[in-house]
Structures are given as C-alpha cells and as structure tokens.
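Chain IDs A, B, C, D and E follow the sequence of writing; residue 1 opens each chain.
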Amino acid sequence: MEKMEAEVSTVLTKEHASKRKDQQIKRSKNVEHIVLGSIIPIILLIVWEILSRLEVFPAYMLPAPSVVLGTIVGLGQDGSLWGHIGITTYRVLAGFVLGTAVAVVLGSFVGFYQKAEQLFDPMIQAFRSIPSLAWVPLFILWMGIGEPSKITMIAVGVFFPVYLNIISGIIGVDRKLIEVGKINKLNSFQLVSRIILPASLPSFLTGLRSGLGLGWMFVVAAELMGASQGLGYLLVLGQNTLSPETILASIILFALIGKLTDWILKIIEARALHWQDRLVKS
Amino acid sequence: MEKMEAEVSTVLTKEHASKRKDQQIKRSKNVEHIVLGSIIPIILLIVWEILSRLEVFPAYMLPAPSVVLGTIVGLGQDGSLWGHIGITTYRVLAGFVLGTAVAVVLGSFVGFYQKAEQLFDPMIQAFRSIPSLAWVPLFILWMGIGEPSKITMIAVGVFFPVYLNIISGIIGVDRKLIEVGKINKLNSFQLVSRIILPASLPSFLTGLRSGLGLGWMFVVAAELMGASQGLGYLLVLGQNTLSPETILASIILFALIGKLTDWILKIIEARALHWQDRLVKS
Amino acid sequence: SSSTSTEGAPEKIRMDYAYYSPTSLVLKEKGWLEEEFEAEGIEIEWVLSQGSNKALEFLNSNSVDFGSSAGAAALISKANGAPINNVYIYSKPEWTALVTMPESGISSVKDLAGKKVAATIGTDPYIFLLRALNEEGIPVEDVEIINMQHGDGANALTKGSVDAWAGLDPNMARVELESDASLFYRNVDFNTYGFLNVREDFAKSHPEYVNRVIAGYEKAREWTLENPKEAAEILAEEASISIEVAQLTLERNDFSEAIPADVHHDALIEAGKVLQAGEVIDANVDIEEITSDLINPSFAEETIGD
Amino acid sequence: MSLELRNVGRTFAGKQAVRDVSFSAKQGKIIGLLGTSGCGKSTLLRAISGLDSEYDGEIAVNGAITRDIQDEIGFIFQEPRLFPWLTVLDNVTFGLKGTKNEKEKLGKMYLKNVGLADSAKLYPKQLSGGMAQRVAIARALVTSPEILLLDEPFSALDAFTKMQLQDLLLDIWETYQSTIVIVTHDIDEATYLCDRIIILRGQPGEIDKEIGINEQRPRARGSKLLAELKTEILESLDLNRAEESVN
Amino acid sequence: MSLELRNVGRTFAGKQAVRDVSFSAKQGKIIGLLGTSGCGKSTLLRAISGLDSEYDGEIAVNGAITRDIQDEIGFIFQEPRLFPWLTVLDNVTFGLKGTKNEKEKLGKMYLKNVGLADSAKLYPKQLSGGMAQRVAIARALVTSPEILLLDEPFSALDAFTKMQLQDLLLDIWETYQSTIVIVTHDIDEATYLCDRIIILRGQPGEIDKEIGINEQRPRARGSKLLAELKTEILESLDLNRAEESVN
C-alpha cells in the first residue's frame, strides 16, 4: 500500500515537473514570438527615423518617430491619453458586443432558413457596401450625437464581416455531422448551438477578428458625431489643425490597441480550435 | 446499328428536354428570389416615402425617396451619373484585384510558413485596425493624388479581410488531405495551389466578398484624395454642400452597385463550391 | 419685441464650440454661461463641431441649439430649407486666402490659369477662390479645381501635387510658419463672416435665453479683445496647436463688429451668387430673400444695443 | 418496434440507385443486408431512418407510414462521424439527456464495453480508425434505441474485438428487444447475428434472395448450420459477380 | 526497394503508442501487419512513409536511413481521403504527371479495374463508402509505386469485390515488383497475400509473433496450409485478448 502511494506520488511529481517544463518552454516560445514579430516594425521605425533626421521627409509632413513618441508621451503626461484610449476602447468593445450579437442572431437565422435568406440577405448585402462616413448624417438624424449613436455606428461596422462569416460557416458545415444531430432528435436551436456553431467556429472567429478590425475603423466616423475625446477625434483634430504628429500618434495608438485586442481574440481562437486536425507548419 | 442510333438520339432528346425544363425551373426560381429579396427594401421605401410626405422627417435632413430618385435621374440626364459610377467602379475593381493578389501571395506565405507568420503577421494585424481616413495624408505624401494612390488605398481595404480569411482557411485545411499531397510528392507551391487553395476556397470566397465590401467603403477615403468624379466624391460633396439628397443618392448608388458586384461574387461562389456536401436548407 | 412671449425655461441649453470660433472656446473655458444659468438650474451642454457642416448637421438634427459656422455654409443650409437663424457675428475672420509654394512660380491670381488648385467645394475657401478668379477675370474653366479636405489640400500643396491651395486656418497658419508656403492673394472682404446660428424653434420658444447667450458671447468677445495673449493660449491649448499658430490665427480675426448688419447681408449675397453660379445652390433660389430670412439681427441689437 | 418497407426505391439525379425493395421485420428481429458495393444498402438505411425522405414507396414503423425521423432510433453510420470538437466521452454522451453525472456514468460504462475506458479524454484526431469506430458504436448504443440501424459497424475492427462487440450488440438487443437492421460484408457476422439475411444485387440494387435463420441465440460460431448458410450465401453472391463481370 | 525498420517506436504526448518494432523486407516482398485496434499499425505505416518523422529508431529504404517522404511511394490510407472538389477521375489521376490525355487514359483503366468505369464523373459526395475506398485504391495504384503501404484497403468491400481487388493488387505487384506492407484485420486476406505476417499486440504495441509463408503465388484460397495458418494466427491473437480482458 505504502509502496503504491509512493509510486503514485513519484508519478505525480514527474507529471508536475514535466508540466512546469512545458510551461517554461511555452513561455520562452512566447518571448521568441514577440521578438520575431517586433523585428520588422523596429526596422521600419529605425529607417523612418533616419530618413526623417536626414530630412528626406519634411517634418511638417512626416515627423520622425521620436517626435511622434514625444507627442504620445506628452498626451500621457497631461493625462488626456488615457481618456482618449479609454473612451474609444469602450466604444469599440460595446459596439463589438452589440454588432456580434445581432450578427449571430441574424446570421444563424439566415444561414439556416432558406426563406429568411431570400427575404433579408439581399438587403443586408446591399447595406454592406455603404461607407462608414455615409452613415454619419443618418445616424445623427436618427439617434442624435450621444454615446448610443456612436456605439451603434461601430456595431454596424462589426456586424457585416461577422454576419458573412457566420453564414459561410453554417453553409460549409458537413452534412454528415448535422445528420448525427438529426438522428439524435435535436431541435433547430440545438442543431445550431451544438453542431453548427462549433463546426463553423473557425469561420466565426475569423469573422470576429475581421469585425473587430472594422470596429476600429468605424471609430472615426463614430467620433465625427460630436465627440471631444477618443482616438478618432484625435485623428480628425490632427487633420483639421494640420498636425501630422497628432495624426501619426493616433495612427500608432490605433495600431497598437487594435493589435492588442486582436491578439486577445487570437488567443481565444487558438484555445477554441485546438481540436482542429491541422498540419504543424514548417 | 440504326436502331441503336435511334435509341441514342431519343436519349439525347430526352436529356435535352429535361435540361431545358431544368433551366426553366431555374429561371422561375431566380425570379422568385429577386421578388422575395425586394419585398423588404420596397416596404422600407414606401414607409420612408409616407413618413416624408407626412413631414415626420424634415426634408432638409431626409428628403423623400422620390426626391432622391429625382436627384439620381437628374444626374443621369446631365450625363454625369455614368461618369461617377464608371470611375468609382473602375477604382474599386482595380483595387480589388490588386488587394486580392497581394493578400493571396502574402496569405499563402504566412499561412504556410511558421517563420513568415511570426515575422509578418503581427505587423499586418496591427495595420488592420487603422481607419481608412488615417491613411489619406500618408498616401498623399507617398503617392500624390493621382489614380495610383486611390487604387492602392482601396487595395488596402480589400487586403485585410482576404488575407485573414485565407490564413484561417489554410490553417483549417484537414491534415489528412495535405498528407495525400505530400505522399504524391507535391512541392510547396503545388500543395498550395492544388490542395490548400481549393480546400480553403469557402473561406477564401467569404474573404473576397468581405474584401469587396470594404473596397466600396474605402472609396470615400480614396476619393478624398483629389477626385472630381465618383460616388465617394459625390458623398463628400453632398456633406460639404449640406445637400442631403446628394448624400442619399450616393448612398443608394453605393448600395445598388455594391450589391450588384457582390451578387456576381455570390454566383461565382455557388458555382465554385458545388462540391460541398452540405445540407439542403429548410 | 420677441422677448415677451416666453414659453418658460429650457431644461438645458446645448452649445457648440469650435476651434474656428475662438470666442466660443473662451466662453466655454470661462464658464460664464454656466454661471449665468446656474441659479435657474439650466444645464449647459457643450458639443464640439469639427467644421461648419458638422455644426449645421447638429443644428438640423436638433442635437444643439446654437451652432457656429461660416456665413456661406449657413446660407447653403438655409437654401436647403434648414430652420436656422443667424443671430450674432462671432468674428470677421480672415481665415482663408490663396496659398502657394515658392517653386510653383505663382505670384498672383492671374498665374493660376492652367494650374491645379486644391479647395473644398462648398466651403469658404472655395467661395474665396471663385470670387478671386472672378475679380481678376479668369474663367473658372481655365483652372483645375481639385476637391480635397482642407488638411489634405495643405499636404498636397507642400508635397507639390497641386500648384495652389485655397487655404483655411489654422492649417494655413501652420504651413505658412513651418514650410515656405506664402499667401499670394489675400482679401478680407471675400471671407464670409463667422455666424452664430440658433434653431428657429429655440429662438421662438426661448427668445430671452437667446439674448442671454448672446450676452455671454459679448462678454467673451470683450475679454478676448482685452486679453489677446491669454485668448491665444486658450486656443492653442484647446485645439492642440502651437502658440505661434494660435496667435497668427487670432490676429486674422476681427472681433470689432458683432451685430449682424448690412455688410454681412451684402457679403452673403455676393457669396450666394458665386455659389449659385457654381451650382452649389439651386439656380431657382432667391438669394436675397434667403439671406434676409437667415440673418436676424433683432436679438443682438436688443442685447448689445447701443 | 416493427418495421415494414414497401417497394422502396431511390433515384439520385436521374439515376436509380436501388429499387423495389420490400421486407418487414417484427419487433426484436435482426435483419442483415448484404450486397455488392454501391448497390444501395446505405441508401436503404437512410430511408428507414428518415434522414432521407425522397425515396419512392412507403416505410411503416409500428404500422404507421412515416417519412420523419423516428424517435428512439440509433444509427451507426458507415463513417465514424465523430464531432472533432468533443472528447471521446462527450461524443458518446452527445445524444443523452439528463444530468451531467448520469450521462458521464452511462457514457463511461459503454466506453468500457467497447474497450476504450482509458481514452475518454482524447479528441477524435488522436484516435486510431478502429477506436473511432468503437466510439461511434458506443454513441449509438448508449441511447438504448428501439430501432438500431448499423452500417458496417465492425468493418475496421480486428477479429476478436469484432466478436466481442457482436456479443455486446446481442446483449443490448436482448435487454431492450430492439429491432435491428445491419449492413455487413462479413458473412460470418450476418449468419451469427441475423434472423433474416436479405441479399441485394445489381445496379440499381434489387432484392435477390432472402434467407431466414431459425437458430436460437447464442449461436455457436463454428456450427455446421452457419457454415452451410455461408456457402449458400457465397454462391448467390458469386452468381451476381459472374453476371456483372461480363461488361 | 528494400525496407528495414530498426527499433521503431512512437510516443504521442507522453504516451507510447508502439515500441521497439524491427523487421525488414527485401524488394518484392509482401508484409502483413495484424493486431488489435489501436496497437499502432497505422502509426508504423506513417513512419515508414515519412509522413511522420518523430518516431524513435531508424527506418532504412534501400539501405539508406531516411526520415523523408519516399519517392515512388503509394499509400492507401485507412480513410478514403478523397478531394471533395475533384471528380472521381480527377481524384484518381491526382498524383500522375504527363499530358491530360495520358493521365485520363490511365486513370480510366484503373477505374475500370476497380469496377468504377461508370462513375468517373461523380463527385465524392455521391459515392457509397465502398466506392470511395475503391477510388482511393485506384489513386494509389495508378502511380505504380515501388513501395506500397496499404492500411486496411479492402475493409469496406463485399467478399467478392475484395477478392477481385486482392488479385488486382497481386497483378500490380508482379508487374512492378513492388514492396508491399499491408495492414489488415482479415486473416484470410493476410495469408492469401503475404510473405510474412507480423502480429502486434498490447498497448503500447510490440511485435508478438512473426509468421513466414513460403507458398508460391497464386495461392489457393481454400488450401489446407492457409487454413492451418489461420488457426495459428487466431490462437496467437486470442492470447492477447485473454490477457487484456483482465483489466
């Protein structure tokens, strides 16, 4: 009995040790990824800085990265940076949630019922090519210039790619798997939630990432509707006051924060799709 | 011998007849689709017209559909309509081709080689959340205000969703099929072109449709760069001259032509994916 | 006068502020309106307008009660049926001029023939350009007008993509100070004025409050005249521009006349004709009538009086 | 539940795959379907299950004609059809109702029955072919269906695992008195399990022969009767072959 | 080409699937792999093919140790693995080089050999299970590979189609002198085809027994020798079974 327990505990320690080792490997791999991923941006920044110092780019058009960084730091010091980032991130996330929710409901519906597709899909597809700026006057008219109209505007941007990918995912689900569900007497809702959604998850997640990207893009249009804070506001301000360092600061902030939110989605994607039988890349 | 030929010819006629019948059924189905798809837009238009007539919407902000239609007809009569539509469609299509080509090359590369992914992907993902308007000053700086900069701007918009969907498609390709290619000694290029692209075609086509939609959206930013014709120009002109009927006319044109180009892609999609083993929808 | 028919107090007053209207910034910064209405529990809500067209959009959609715009923009909107009145002139700005780079070889309006000129159609700089060409007798067709947003026009000019630019402050001040761009044609009188507009509805139901808002603007105007340096600082701070640019911009604003009068009326009619010729305003609109409808000096006259 | 097919046929895009198949099975009977590849066996199972409703003819369950999917039906498809995003255990309990605990207990029991007690937490991509097939078997059996349709359920298994699972099937059949239709290419299997063997042939497939077996279960695998039956069946299949090899 | 495995093993995520397998095959030999489900047969084939290179031990082809994918290799996977976007004919000619005409001619010939001459234009979703497997067989054989790895190639086929294809395989083997490794659960098949039968057992799988068959081909299916061998193999498999059923 004792011997057995001892054995069990060795096994456990071993497992533990190997797990810890795994984690270490994982962490060092993560660091490697980050380093590799930073190479090109850093090279670009250095080239840009050098060209700016050599005055190949005139400063009033394209200031050096150090100047732009100075602008961002300045914003950080007077405290307004966090306001801009905070309010924009809030708007994007709220719009993202709203847009995704609507897209899931409508997308499952349209993907699943032929009649629904014939009724709604043509119109939705037509709306898809209306530019964000075109919505601005209509949104101001319908919803005024408060937060709701801004969030809805972003939700519109998020909606389309999510919707499109959900439908394509649903259509692509293997008939064979759906039949298993039917044999097990699942109703339509269960079919969607237990088979179709998981099976179309890869496509759905791509849609989410596309949608989030578009959400960030729609921020500018949203913040044209009477905002006095936010990254989109900063961008437009920079354009109106001909301040390239403000424009570039807002671009860089967009890129960084957009990348950050996308990275979160990417991690979720990797977790959620671990079951895919895919080739380990060379 | 003769008898046999006669038989063959009966069979052929039969086949022919059944084909013709199939085509008839198809055509009447198409008509049905179009009718069904028009129901909701037409209802919306009627409601809008009525509300406008009742002056629920003030004409100086949201003129009635008939007024907007009048504006479009007016543009058509003085001939400028075709110029606007033509130039914008040309820009979108050129940008679409360019953006798609780059996305296919880069996407296959990044989807296929781990190192390429680690090097390029983080930066590309960061660029994805930069709004179209933010690119405008940079593009003017880099490429001036001619057609190339406009087309490139649209290509940027098209690029991201196509790229994202290609990668997700490639990653989702079943390992089992790729192994068949490897056993048959396909090189990397053949693996991509003969297995990975066809297998990820559903995702790729969704990307194309998403990308085309974004191309239409980027038109406005593109035509902010010194255009004197085009739907985006019309939209911005409408906003600058505070003319809601011009804004709405351009929105409706965007929707119609965007829908038309999407419809073409949708037909291609249906043709290209006929091999999918999918459930006939209820 | 109109102050007799008050319908009670509004719950809140929604004001816009804009970087092209320095006094609005001063007023917002100093909080004089808040002070004025605090006792009655009326809230003041400030909304930023990024441009004349935004201010008018907000007015039209009942998102603000007072909006600042260029006179010409207000006229276009009014011609489209917008229910607004101009009740106050916040400045006589020289915010637009024609700008070029030294290497373009342009020194007068005459040189513009056959050249590319960037302008934003429908805005004050565009009107300015048309009137300048008209003045010098150059047909519009001889000039290639390229429609761009103001900031983009400045970039295109410095990059050399266009030969001249119908500029707007503060962009114009900035290119003037930081690159070698020069203003080769200036004419204060071809600028339309800075109009403070109010929604007709608001003016009808709360005329007394219109007067009190105008009084607030007056206070800001007087303060700005007395403290030009501090005003420039406020502008620089709010609009995130350098103090030099802010000072230059302020110098080009004349705050002496605040009551809408005949000069404004005439300037607007001239602008309206140009816009009509440029097909921005419909040909069958009666410019004089619209202008008279738009400009309503009674409030300012009553408040400022003499 | 009893089962009756009347002149069932199926045409795919103008080409007939199977035609004019009629047979009936009382509750608790085991019917074997044998036939050459592509003669329509799977097509018939799909028609019986209700997954396919575009067949000609009629199918009656418990006397009632229906084209819907039956309650209390179990289907082992020709391919495993596991859900790649679920673990082995979750795949097995997919069709079960009840609390999580109950489901897992039942699932684990059946996993043990098919010899996969240790693999409960694996994902489908980690399974061997035969293991996947056994998971699919467990998934169909765990719901204790009244009608069981099996499409070559044991084809990817080694001889002994196969025998074990055949006996497991008979256990379940005894407990729940299920009506079973089994498609198989293994004649020994058919003679060991079935009350009646229906041999299809040709393209489009038609019923060629029906053989009844009135032997008590459990049957002896090596018994003389079964050996004789095997010879009979082989001969009748051979006939088709000779005929078809002409073209 | 000759083939040699030395102490080959494979571990998946810490769990050993198969270990210490060594055997060799001269050119033109047919090796059979038998064993219980999940004992590592497919894993071994993948290692030999070079698709999997993370095994322990060494594999030598023609005397040269390699972990790459071999030229001139044919692999029939346990699942059909057809490309759903290609027709049957295009699937068969997938690995061929040359002009379209040549390819199609060859492809059609092999389709005829596997009895699918009429189905050249169908898409995989329109095939029955056995038809799909036959397409996969044709696809592997059409390239006339020097090494052929077959993973339960005939499992989904009826007895007579199976025999026909076994003979087709022997034809090809005779023409090209291919070295063949075949995984099968059908003992009759193994004794009919193989020069040597390797029986794996246990989890992780290990070689339990090797049986050589020195009979000339073509062999008589009903011969006494094969029947004796079958009994021997059954017994050795039975042993495993008895052992495993303890846990």
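One rule holds in what follows: a contact is a pair of C-beta atoms (placed from the backbone, for glycine too) under 8 Å apart; a residue touches a chain by one contact, two chains touch by 3 or more.
Chain identities (UniProt): A, B = ABC transporter permease; D, E = Nitrate/sulfonate/bicarbonate ABC transporter ATP-binding protein.
Note that the coordinates shown come from a computational prediction; the quantities given were computed from them, not determined experimentally.
Undergrad: Spell out the chains that contact chain A (ABC transporter permease) while also contacting chain E.
TA: Of all the chains present, those in contact with both chain A (ABC transporter permease) and chain E are B, D.
Undergrad: Return the chains common to the contact lists of chain D and chain E.
TA: Chains that touch both chain D and chain E, as defined above, do not exist here.
Undergrad: To get from chain C to chain D along touching chains, fewest steps?
TA: Counted as steps through touching chains, the separation is 2.
Undergrad: Please state which pair of chains has more C-beta contact pairs than any other pair.
TA: Chains A-B share more contact pairs than any other pair.
Undergrad: Averaged over CA atoms, how far is the centre of chain A (ABC transporter permease) from the centre of chain B (ABC transporter permease)? Could you give it in whole Å?
TA: Those two chain centres are 21 Å apart.
Undergrad: How big is the gap, in whole Å, between where the Cα atoms of chain A (ABC transporter permease) centre and where those of chain C centre?
TA: Once rounded, the distance between the two centres reads 39 Å.
Undergrad: I'd like the Å distance between the centres of chain A (ABC transporter permease) and chain D, where a centre is the mean of that chain's Cα atoms.
TA: 47
Undergrad: Find every residue in chain A (ABC transporter permease) that makes contact with two or more other chains and list them.
TA: In chain A (ABC transporter permease), the residues touching two or more other chains are 61, 136-137, 141, 175-176, 236, 239, 276-277.
Undergrad: Could you pull out the residues of chain C that touch at least 2 other chains?
TA: As it turns out, chain C has residues touching two or more other chains at 57, 60-61, 149, 151-152, 155, 159.
Undergrad: Two or more other chains touching the same residue: where does that happen in chain D?
TA: 79, 125, in rising order.
Undergrad: I'd like to see which chains touch which, written out pair by pair.
TA: The set of touching chain pairs is A-B, A-C, A-D, B-C, B-E, D-E.
Undergrad: Chain E touches which residues of chain B (ABC transporter permease) in the complex?
TA: Residues 176-177, 179-180, 182-185, 194-195, 198-199, 201, 275-277 of chain B (ABC transporter permease) touch chain E in their complex.
Undergrad: Note which residues of chain D are touching chain A (ABC transporter permease) in the complex, please.
TA: 49, 51, 69, 71, 73-75, 77, 79, 81, 83-86, 94-95, 123-125, 143
Undergrad: Within their complex, state which residues of chain C touch chain B (ABC transporter permease).
TA: My answer: residues 53, 56-57, 60-61, 73, 76-77, 80-83, 118, 120-123, 145-149, 151-152, 155-156, 159, 161-162, 280.
Undergrad: Across the complex, what residues on chain E touch chain D?
TA: 12, 34-38, 41-43, 78-79, 115, 126-131, 134, 151-152, 155-162, 164, 185, 187, 234, 237-238, 240-241
Undergrad: Can you list the chain A (ABC transporter permease) residues touching chain B (ABC transporter permease) in their complex?
TA: The touching residues are 32-33, 36-41, 57, 61-62, 112-115, 117-123, 125-134, 136-138, 141, 160-161, 164-165, 168, 171-176, 178, 202-203, 205-206, 209-210, 212-214, 216-220, 232, 235-236, 239, 244, 247, 250-251, 254-259, 261-263, 266, 276-279, 281-282.
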